[in-house]
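Dumping the structure here so I can ask a few things about it.
Every chain is named by a letter (A, B, C and D) in the order it is written, and numbering of its residues begins at 1.
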Amino acid sequence: MRMARSTRIALVAVVLGIATGLIVFVGMAYVRTSPPTVDFATGHRAGQAVNVHMQTVGTYGKGTHPTWVSYLIQDPKTGRWVHTTLLDVPADTRVNFTIYQFDSGSPLRNQQVGLVQGTIGGKMSVNGKSLRLLNSYSNAGVAHTFSIPTLGVNVPLLGVSSPNLCGVAPCSTARWPHNVVRFSFVTPKAVGQYAWQCFVPCGAGWLYGNGGPMQTIGYMDGLLKVVQA
Amino acid sequence: MSQAISREPAEIQETLEERAYELRAAEGATWTGTRLAIGIAIFAFASLAFAYFYLRSGNNLDLWEVSGRAHSAPTAYGAAVMAFMLAAVALTVLAVRRLKAGRLIEWQTAGWASVLSGLLALGLQIFELTNLPFYPGRDGYASCFIGWATMNIVAIIGAVYWQETLVARFAVLKRLFAAEGTTFDSPLPAARLFRANADGCAAFMIFMAVAEVFFWVLFYVI
Amino acid sequence: MAETNGSSSPPTGTTGSGTPEPPHAKRMITFWLIISLVVDVLYYTLAGPHMPPGDMTSAASGAQFDLNILMICALPVILGVWTYLGYALYNFREGRPGTLLTGPMAHGNFRLQVGWMVGTTVLVLGLFVFGTAELIIPAGAGGGEGPDPIWTPTSHTVLPIQVIGQQWKWTYRYPTYGGFETTSLVIPDNTTIAFHVTSLDVIHDFWAYQLGIKADANPQQDNVAFTTTHQLGQFTVRCDELCGLWHGAMYGFGHVVTKAAFAAWATRTEAQLAANTKLLPPFQWTYVPDANGADGGYYPDNVDPYSKVEIYGAQKAKV
Amino acid sequence: MAIDTTAPEAPLGAAPPPAAPAPHRPVWLQQNVLTAIVLAVAGFALGHWAGNRIAGGYPNVAGASGENEVAICLSLGLGVLGWLLGIGALNYPIAKMFGREAIQEPYNPSWTRFFKFSTDHKVVGVQYFFGVITFFFTAGLLAMAIRTELLYPTNHLIGPGTYIEIVGEHGTMMMMMASSAVVGPLGNYLVPLMIGARRTAFPRIEATSFWLFTAGYLVILTALPFGGFPTGWTGYAPLQTQASGGMDSYLVGFAVIGLGMILAGFNLIATIIHYRAPGMTWARVPVFVWSILATSALLALATPTLVTAGLFGILDRTAQTAFYVNERGGSSFLWENLFWFFGHPEVYIMALPGFGIVAEILPVFTRKPVFAYRVATAGMFGVALLSFFVWQHHLFQSGINPDMRPLYMLTTELISIPTGFIYLVTLGTLWRARIRFEVPMLFALGMLFNFLIGGVTGVFLSDVPVDVTVHGSFFVMAHFHYTIMGGLIFALFAGIYYWTPKVTGRQFDQRLGKIHFWCMFVFFNCTFFPLFILGLLGMPRRVFTYAANLQFLNDFSSVSAYLLGTSFLIFVANFIWTIVIEPRPAPANPWGSLGLEWQTPTPVPYYNFERIPVVMNDPYHYAEADADPVADISLPPPAVAMNRPPAAQAIEP
């Protein structure tokens, strides 16, 4: 145990240094796992509607979880599909959503979410056809929903009935069968972050179909960040 | 303390009284420890029994047992596992009695036979677990059965290991004792502690017998 | 060592200076009685009426009353210990640090010990009797009472509302209005309500804060909680049992409205939602969705006689 | 039975068989923490490979979910096994199978002994101290992250998924740490010294408990890279069954820590019962030892339920049984019952040692005997016994056995009676005392202050009608932080400041210690008291979103939490400076304690006592000038001296 004082100081410094380094490294690595945010707010002019394009794919096809179902958002500036579910939108603004839905459908766990709610006019357009309700037990079922429970927004997305499904994102609308769902709503005046999610139990392989991608931001859950434009 | 402190363990000077005192403490600790091990095992198995009765009496969605006896675990295997374990227990208890009576050859024979019987039980239990006629998540019974089989494997490994270390240690000690010209029924510290340990093992084995019979009845009979 | 080693009550010692000890116990007790009385009266008059969860319903005002009674019992206990600590630490502090004078020898005091045990026991049993009465008389005090509540309200007109928890939102079914299912919770004033709380997946907990209602939402369990509304207004609903990613976002607001307004709302909503209500499973107290999801998978389907059910309430397991 | 000092009837005869001499291993073959790391990593990799080999072919296990729970559990399990193998914890158990005696490791006075498998209870105590502190500070950093996220009501600095993971990780780590926080470092170090023993009953089991504790730390840390677990520390099923890989770390980690807890309690029980020095009757056992005995009983008997419940959880997630899945014949209530059957004794595992430390320290700084000694022990055992009968008070609103609620309300409120005993004892000890406000005393008094609030609010929670409002809210959170952080951790620091001179021969800077106390005390209360109000105002636990009008209180709490965190830096600085870098030698008995542990030389020799002491009195006779001394430790040298045989005499089961 007999060590010179300078040795002890050096030892303590090294231990503290390693500890601090580890903390910073782990902290940064952990924070870095958050997906990027697509910005629809910067440069927005008051009174102008915002157009958001998203797609849903049955399997993302690459990365750490290639089998997971996912949403993607198109960056309005570059036109590239970003693997994220975080988006900035301006407050008190009409947002027009266009969702390209590439996944197959199924009956719902709770048919209540088959109802279109919270959109302008209480309806959506599916491949150009206006609808207020999807019966998930008929036709192609419901593949996903886009729901913001705290804002009362709920839009079921019709499933694709073709067996030939896109398996690697981003999916090309020219190549793969899909449904185009359009709807609009007005963002709240209060800035804040609003959780949105999918209510279809589409996390295959998880209990109740609701684990994995269904509980991971960047896949089937996201935040609508309402900011002051 | 005025005298110099001996910091090397080998330098410690012990009086006869201290040696005797520590021996009694070690003996007592062995007794308490083995009984405490039984207590710990009781709480673990009681949790399983609780799960069994909770799921059975709750019979959630009529899913305690989906399709009656036909899909339960094979009774023959269960009975065989139990029988081999009961034999192991009986042999252990017998062996300890022989040990105390100074019948060392008989103790050794019974001890090894107990280990062998326990290993057979272990093998059968593992084989049964990997060849079940039902899916683990089929119903409450299936779940509890998998839980029991897993815990039984762990408990049998523990019990057999304990008995095996005893007979293995005996083989070594016997040579040393013979070299010193003493025998195993002597009041030597090593002999006393060995007997205390063997006694504890037998006590644990008796608990195992109770557990085997109890859970056999739960899973194969009622 | 025997407790009888101690000296008479209150514990005294003989070491220390020759001057007679001041009457510590009397001083402390006097101060404690006065301050307890003052604080209790102040609490009950000033804070009491505003304590949560308010008095919107019978359960809420019951909870508020209980909280106040407990506070009135607890404040003197806390003040007593603080008084004692403050007095003892100030008066019995060692003036000359560094010296190791000894305090008086007092191994124990039999009468004080027995008095303490009797006192705490009486207090505790009193609280138990009070708590039990306050649980049973107001029909479960707004807490979840399981599927077969034994403490039920006396009112003959109870409005049942089913609360369905799902990862991650609450929906409500009104069985007396055709079983429509909605995301808005509207309840009538001056009515006894039975909340039947259940879940379609993991455990949630339905907490209607201002109503004084809290009941776990368990899968395949009907957990009933009663209350009678007294006031109009808005109340908060939160999930109070960690249920996954959006547990923190699983909140909403409900409204207590007049009976007429409620009837109008319910009839209107029933008509509006009729198309979807037809698609819903028939109303039941509990529902059995598949453990697997839409795409199947956690448990293998069709390996044993267990039917593949995917929608809530569709069918029970085929036995 | 342990007070009889006469020799056994028969002569000792031949010496016990000589053990194999300690092998002289080259440095690179010696087992230490580095070999443990290497084998742990190897075991982890092997388990991962084996898990994928075994279960990778089953589509239900590793198909669509893209996650093979079997591989994760196996890699964690084999990793722990490799860790134990590498540190040398399994050397003797394996050697035993071949009939070998234990190898007596050569006495190692160098600092390297702290990084090895050591059977010296004093080394294990110090190892535990650093383990506990590391655990505590890691989980404390996570607490800072929690408070950071709660700075804003709806804006998220950390993000909801990460937030839930951090909340669960913080809670679980703190619970794991707190269940060994006192028993590990202080219990293992001090109990043999206090009862006059040269060793503990099962030193290898004791050492194994520590290395399982460290393994548990590593396992629970892996939860973060595996994606965390969304259930909080209570791990409620079926969310548990649904969660992703981090949940396996939780279940395996709790099982590993649980095994360590069982072993630690097991060893201490046997030690306290059988290794008390001659004359150390039950009526002379120090209160701290009583508290450790009560705690150890809970550790050994309550924890098996946790391990079993965890095993069921692991089976649900890997073998796809359905213990906790209602739709398959299981029950989500089963986990709640099993978990809380462990969980509530666990709460007292964390509270009792704190009582023990405070009751042990108060007489020293009041120069008085502990007041009503028997009431103190009765209180501790009353709490320990009752704690097995209260678990459903966590489930008042769950709908489980609603008709039994009055019973559980009664048992829960009854616990406040024995807890009240502790207050009687501590307050009685202060009566007409000569109180010295040294640093340990301040922490002990702080514990009394905080635990009072924690205890009284516990009565609120036990009252079913009030619980309807406060259950699952920040009120509960504040309550158990007041009892565990305000109770146990304050008591732990009292113990650390009190016994460090004994353990290290060095003394903390007392002024810095006082600053540490006041910062910690004030900011602790500023952090957690507002949480009571938040809970009453309707803020549930574990949420990242709250009503906008609660922001001030939350921010107040967050800022206080940062300052509370900073106060620990004072401790760290004090420790580094006055213990490590500029050691300040401590007097042999700086507080003037009569305790037996202070009668040993410092540093404590390997065998603690040159002669096994003969105890003549309890260590609380401060008031009596003519009282018998606590123990006679200066007996004449033995008439027949003999070298202790190197073989450990006890045979471990």
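Here is the rule we use: a residue touches a chain if its C-beta (ideal position, glycine included) is under 8 Å from a C-beta of that chain, and two chains touch if they have at least 3 such contacts.
Please read these numbers as outputs of a predicted model, since none were measured by experiment.
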{"item": "A-D or B-D, whichever has more C-beta pairs in contact", "value": "B-D"}
{"item": "Farthest chain relative to chain A (centres taken as mean CA coordinates)", "value": "B"}
{"item": "Chain closest to the middle, measuring from C-alpha centroids that were averaged per chain", "value": "D"}
{"item": "Distance from chain B to chain A - Cα centre to Cα centre, in angstrom", "value": "54"}
{"item": "Chain A and chain D: spacing of chain centres that average the CA atoms, whole Å", "value": "42"}
{"item": "Between chain D and chain C, distance of the C-alpha-averaged centres to the nearest whole Å", "value": "30"}
{"item": "Residues within chain A bordering two or more other chains", "value": "195, 203-208, 210, 215-217, 221"}
{"item": "Shared-contact residues (touching 2 or more other chains) in chain C", "value": "201-202, 220, 244-246, 249, 251, 288-289, 291, 295, 297-300, 306, 317"}
{"item": "For chain D, residues contacting two or more additional chains", "value": "60, 63-65, 109, 160-161, 230, 238, 242-243, 320, 322, 325-328, 333"}
{"item": "Graph class of chain-chain contacts, one of line, ring, star, complete, other", "value": "other"}
{"item": "Pairs of chains, among all present, that meet the touch criterion", "value": "A-C, A-D, B-C, B-D, C-D"}
{"item": "Interfacial residue positions of chain A with respect to chain D in the complex", "value": "1, 5, 8-9, 12, 16, 23, 26, 30-31, 33-34, 65-68, 192-193, 195, 203-208, 210-212, 215-217, 221, 223"}
{"item": "Of chain D, residues touching chain A in the complex", "value": "60, 63-67, 109-111, 141, 153-156, 158-162, 224, 227, 230, 238, 241-244, 325, 576, 580-582"}
{"item": "Residues on chain D engaged by chain B in the complex (per definition of touch)", "value": "1-2, 4-10, 12-14, 16-17, 96-101, 104, 107, 109, 197-198, 201-202, 262, 266, 269-271, 273-275, 278, 300-302, 304-305, 307-309, 311-312, 315-316, 319-323, 325-331, 333-334, 337-338, 341, 601, 605-607, 610-612, 633-634, 637-644, 646, 649-653"}
{"item": "Partner chain C, residues of chain D touching it in the complex", "value": "59-60, 63-65, 160-161, 163-164, 230-232, 234, 236, 238-239, 242-243, 283-284, 320, 322, 325-328, 332-333, 366-369, 371-375, 395-403, 405-406, 409-410, 413-414, 416-417, 420-421, 423-424, 427-428, 430-437, 445, 448-449, 452-453, 456, 459-460, 462-469, 471-473, 536-538, 540-545, 547, 592, 618, 620-625"}
{"item": "Of all residues in chain B, those that touch chain C in their complex", "value": "60-63, 66-67, 71, 134-135, 137-138"}
